[in-house]
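Two complexes, one shared chain (chain A), two partners (chain B, chain C).
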Partner chain A sequence: MADIRVEGLRKEFKDVVALDDVTFAFADSQVTCLLGPSGCGKTTLMRIIAGLERPTGGEVYFGDQRVTHLPPRKRNIGMVFQYPVVYRGISVAENIELPLKSEKLSKQERAQRVEEVVHLLGLGASVDKDITQLDNGTRQKVAVARAVARQPRIILFDEPITNVDAEAKLQLKRAFKELTRRLEQTIVYVTHDQTEAMTLADQIALMNEGRIAQCDAPRALYNRPADRFGGWFLGNPGMDFFDAELGPGDGTGRGGATLASPLFGAPLRVGGLPPGAGRTVTVGIRPEHVRVAPAAGADGRGPLAVEGELLRKSISIGRQYLLGLRVGDRTFKAKVAPAVGEALPASGPVLVELPLNRVALFGTDGRRLDATLTPAGAGLPVAAGTA
Partner chain B sequence: MATSWRQHLYHLLLWLIALAFFAPVLWIFLGAFKTAGQLVSWPPRWVTFSPTFDNIREVFARENFWSYFRMSFVLSIGSVLIALVVSFLAAYCFSRYKPTGTNFLMFLLLSVRMVPAPAVVVPVFLMYTAFGWARTFTGMLLFYVMFSIPFSLWILKGFLDGVSLRYDETALVNGGSRLHVIFRVVLPQVKPGLVAAAIFNLIFVWNEFLFNYVLGGEATMIPVLLAVGVNSGGSVDWSFIASLSLIYTLPPIIAIFLFQKYLLVGMTFGTVRGEV
Partner chain C sequence: MAQLETQLDGVGSAPAGLPPAETLAPPRLRGGLRALDDSRFFPIFLLTPILIFFLVWNVIPLLWLLGLSFYRYKLTSSRAEKYVGFENFRDIYESSALWGTLGRTLTFMVTTVGLATVLGVGLGLLFWGSTRMPGRRLALTMLFTPMVLPPIAVGTFYRLIYDPTFGVANYYADRIFGRTFDFLGDKDLAFPAVIAVDVWMWTPFMILMTLAALGSVPKAELEAAEVDRLPWSKRLRYIVLPHGKFILMLGILLRTIDAFKTTDLVYLMTNGGPGKQTETVGLNLYRTGFEAFQMGDASSLAVVTLLIAVAFTSIYLYVLNFRESRAQAQTGAGA
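On to the complex of A and B.
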């Protein structure tokens, strides 16, 4: 249909910079989630794409067409807002049909389109009901159906399931997944909920402070965050971070640097550091990747395992256990499988290991360093954060 | 038990107050059905009289009564309709575009209605005379339009603020023009506000006498009816006043009865609504 490109997009509200020189392309016929914390500019970006806000600078293109100065109605888009926008006093079917009436469509074609989207969203049971009889989740479905029925080339979703209750949320998420899989339009979906983004997106554009920090497929984004922000924002809880100082190379002539930390049972060799990388780095690991074992059962203890202390243990979603750990003077979190968690004492000494292929290194500017970590003196290097 | 006993007392009190306030109205209504002698007799006759419809029949039979009565309707309904169109569009602008000084302008408009009428009747009369609008039907109609706009604007802005901006935006994105948004999307949602504003101002305009008397003169004829009718044969014609009061009070009473729930939302300026 059409991809969306924004070039050098800037938006200022009085003294706040909502968008800071964003250049980005939303891939044609794909679902791109704009994910980020509140106030990161994701909604502003979407509203500029819709034409509801004028950018302070920069351009918006749909395919080859420059649309920066077109009013919303000439952009051929559909949009769904946070609050279900439905018209009272008319039935669900009439709600969906309403915008179609201003287009040159035959009555049969209108009816057919309504029927299609009703079927697509599973609204069959409520077609003839009045809007006031529906709950918020169903109303939102109606709003989505209305946007889809027009068959615009681009559909924008602005946190469409934030304001429905938990049960309906799941149901809507499933309906959206089904819907977006079938639609061929370019879809932009704004959300601050990472599980939503992970479920629905072909690719996630992570936004922070008015910029797009990273855009990648959900899994890649999770496994290889481009900066500390990505590591912290994605995941529940986010990455654990530790500051570390790199030592000079180990003199084997293979270059790089060494990393000695109480978190690792042995000194590490850091290879492939980009030139100019500082000596101070941040070591990051996702809590679910930290390996924890009872101190007593020391069999199968990895060479990098260190002794630590379990501070507290609590049960979390899916019977996983959330652990508070301390190694040396550093405290951090870990998340372990039910079986592992049950075997652990409520508190006390444990063995902690950070698998090298899960560890990411970040530079002082917060960007990820493409470095490899290997136990000093070992053979083949392991690329940091490849899983 | 104590609460129920108190509640009864409270209700009794409310009834007494209501009756005390209604008594003069009742007196004038009853007067419409009495002969001139019974009306002024002492001690006052509340029930001991044989009702007669002669007074009312006589008012109806008066020369030009029906054209005067029609003029009342034309002026009230006409001016309120014009005022509604103007204030709905103005309220939409204030609510959606929030021009600089919106709050001050809104206050200024309402303050027009805070000034007591006798304080402004002379300046307005001078202005109308200077413009040549005095004693014209259009001038009178426009005066009542101006008279109705502030309150309508306040009510409608309250209602429009209660309609989420997302409605406008959804319609715009879905291919609607601004006019489509205003009249097809937003307007249906503030219908209760429009009804409330209409009823309020119909009653205000219907009841207005002073400006009509000073500005309208023969052009609108209503005060003439009173002026001619009140004095008959050197004394005040109380029967006439009573019958005319009855006839002129009935339309607003019926309107209030039919639209009381809208009057209530009108008094809260429609502001008690959540985001949709």
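On to the complex of A and C.
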């Protein structure tokens, strides 16, 4: 097996820069998801790795081998496309076997490999069917089986479940999870669907505007986005953002700055700001981390809770409630557990609290600031967004 | 994802997914037009112009032709036309010269269509694979010149090219073989010479059809085959052919019908000669009708020709539809 490295990769299509100086390594034997919105360059990056697209500049390495100018057939890769590709006029088993016929394998070896992948993907019932009899989901399974059976060093998935219906999507996702757990190949999986990436990936490379914005394990990526984009793109809905002005230090001699905002019930001390950080920051919090309580039940009210107004309440996936809130002149969203949501009125005054350990600060350039937040005058600082 | 939040907002409140009812209503029409729009005769109303055209220019002349084929009717004779039943058809059946002409026409058709198809598919594949060749566009454009030239010009050119004394073909024949040939006057050479010109003229059409057929092959499937390291033969068999065969067959069908009625090219190059070595059914028809003015005989021959053309078309359509419906039946069974 081999790791994949790209160095200074650049791709331009006429006036559009699809990839802007991407340097990255896909770890050996791991599943790396390339996640990002449409047009962020993730598919282009994958197609360059596959050799289906020539980069404008930069190099691609598989292990120690430079492959930048090799055609796809000489790269020993497997690829699954967005549109399920099957070869017409032959059965499922023959489809899987077809590429193996060019591989100098004995007949028994071929039969054994076909049997293995058929079993692995649960295609047993369709083996002898003609390919035209299958629905898209099963066709995609056949395409995956074909890519896996050849046992290439690297397997690439290009949004493989986008074009199948919802029921088959779930089934395929499960099959892929099982498959990727067993395979030892280096796997790159392109998707724009964050739940898919979260389910399948060992690590997620988040892409935006032709660059890799951040690469991390799924949970870390979700909890500690490196920039505003990561906060906004991940989560459903994405992070709430508020602009805030930092005040000067609180005169305790400990340096830092203060942050006073109608969103927090008390002024905050901001510590550990990197030098050169501007006065303007963006406060970000995930909607599911916002605490909301009925205004009446004021007992257990945290020191930072503020009075706000519930604008609307609607049920979301998993019976969670999605809330529209207003505090002062700022409106934002919150997502709360069913029990909490049911206790709330349809609209009206509520108590809102943003827990400091869930709050992230972003600088004017959109990058995350490694700062700590504490209630002014309190003791131990809380690192922003450490949980 | 953040974009979803607006959709989720709608879940608990109004059905935001549906547009307001009034935007669903069709645009309003006034009075009579509106009545027509609602009526079940509307499709017929739309079809009327083309049906009238079809009736006047196709159906009536065809019936007239069919009627004429049962009469003895000569334009240059003062005798009145006379109903003779199937006598004209019996004459055709008993004429060995006509059977010869028919056989030659079929040979001509099969050879030219076959050669043009083989060459067209071959060259089409080369063109398709040469996307980065400089001047590809220009080359493609120039390839189509034979097709856009009128056959009358092509015929005249080639009569000059093949000319036994000052034709350019004989200039090269002389340099290579040390002798000249009377291409269009020799009884063994005339037929192949005409076939060569027809192939020259129509190969670009088959290139075009091949390129169209290849264009209908999904790019992802070709990319998958490249990644799967399939050899060329298998790519053609399992990807290109299943997707491209319908357009290619359509091209062959059009060429077959067209080649069967070839008249002008032969008329200009050899006028059917030497003897009847290059006479096609189309040329025979032309001569019977417009040189001998035997309208009855010409009509009956035209009817026979038409039936043959219909037969070819039906065979092709049957083959295409048969494969299509078989594929559909299988899909249906699987669903």
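Descriptive notes on the structure:
The definition used in the following text is that the second predicted complex is superposed on the first by the 387 of 387 C-alpha atoms of A that agree within 3 Å, B and C clash if a C-alpha of one lies under 4 Å from a C-alpha of the other, contacts with A are read in each partner's own complex, and residues count from 1 in each chain.
The working rule: a residue touches a chain if its C-beta (ideal position, glycine included) is under 8 Å from a C-beta of that chain, and two chains touch if they have at least 3 such contacts.
These figures come from a predicted structure and were not determined experimentally.
Superposition of the two complexes onto chain A shows a clash between chain B and chain C. When the shared chain is aligned, chain C comes close enough to touch A:135, but chain B does not.
Look at A:324: by the touch rule set out above, it reaches chain C but stays clear of chain B.
Contacts of A:275 after superposition on the shared chain: neither chain B nor chain C is touched. Once chain A of one complex is fitted onto chain A of the other, the partner contacts of A:248 are absent, as it touches neither chain B nor chain C. In the superposition on chain A, the chain among chain B and chain C reaching more residues of chain A is C. In the superposition on chain A, A:316 makes contact with chain C only, not with chain B. Of the two partner chains placed around the shared chain by superposition, chain B and chain C are both touched by A:85. Taken together, the two structures place residues 50, 52, 71-73, 77-79, 81-83, 85, 87-89, 99, 102-103, 143, 146-147, 150 of chain A in contact with chain B in one case and with chain C in the other. Those residues of chain C lying in contact with chain A across their complex are 1-2, 4-5, 8-13, 218, 220-221, 223-231, 234, 238-239, 242-243, 327, 330-331, 333-335.
Within the complex, the chain A residues that touch chain C are 50, 52, 71-73, 77-79, 81-83, 85, 87-90, 98-99, 102-103, 129-130, 132-135, 143, 146-147, 150, 194, 232-233, 235-238, 312-316, 322, 324, 333. Interface residues of chain B facing chain A in the complex, by the touch rule stated above, are 164, 166-167, 169-177, 180, 185, 188-189, 275-276. Against chain B, the residues of chain A that register as touching in their complex are 50-52, 71-73, 75-79, 81-85, 87-89, 99, 102-103, 143, 146-147, 150, 156.
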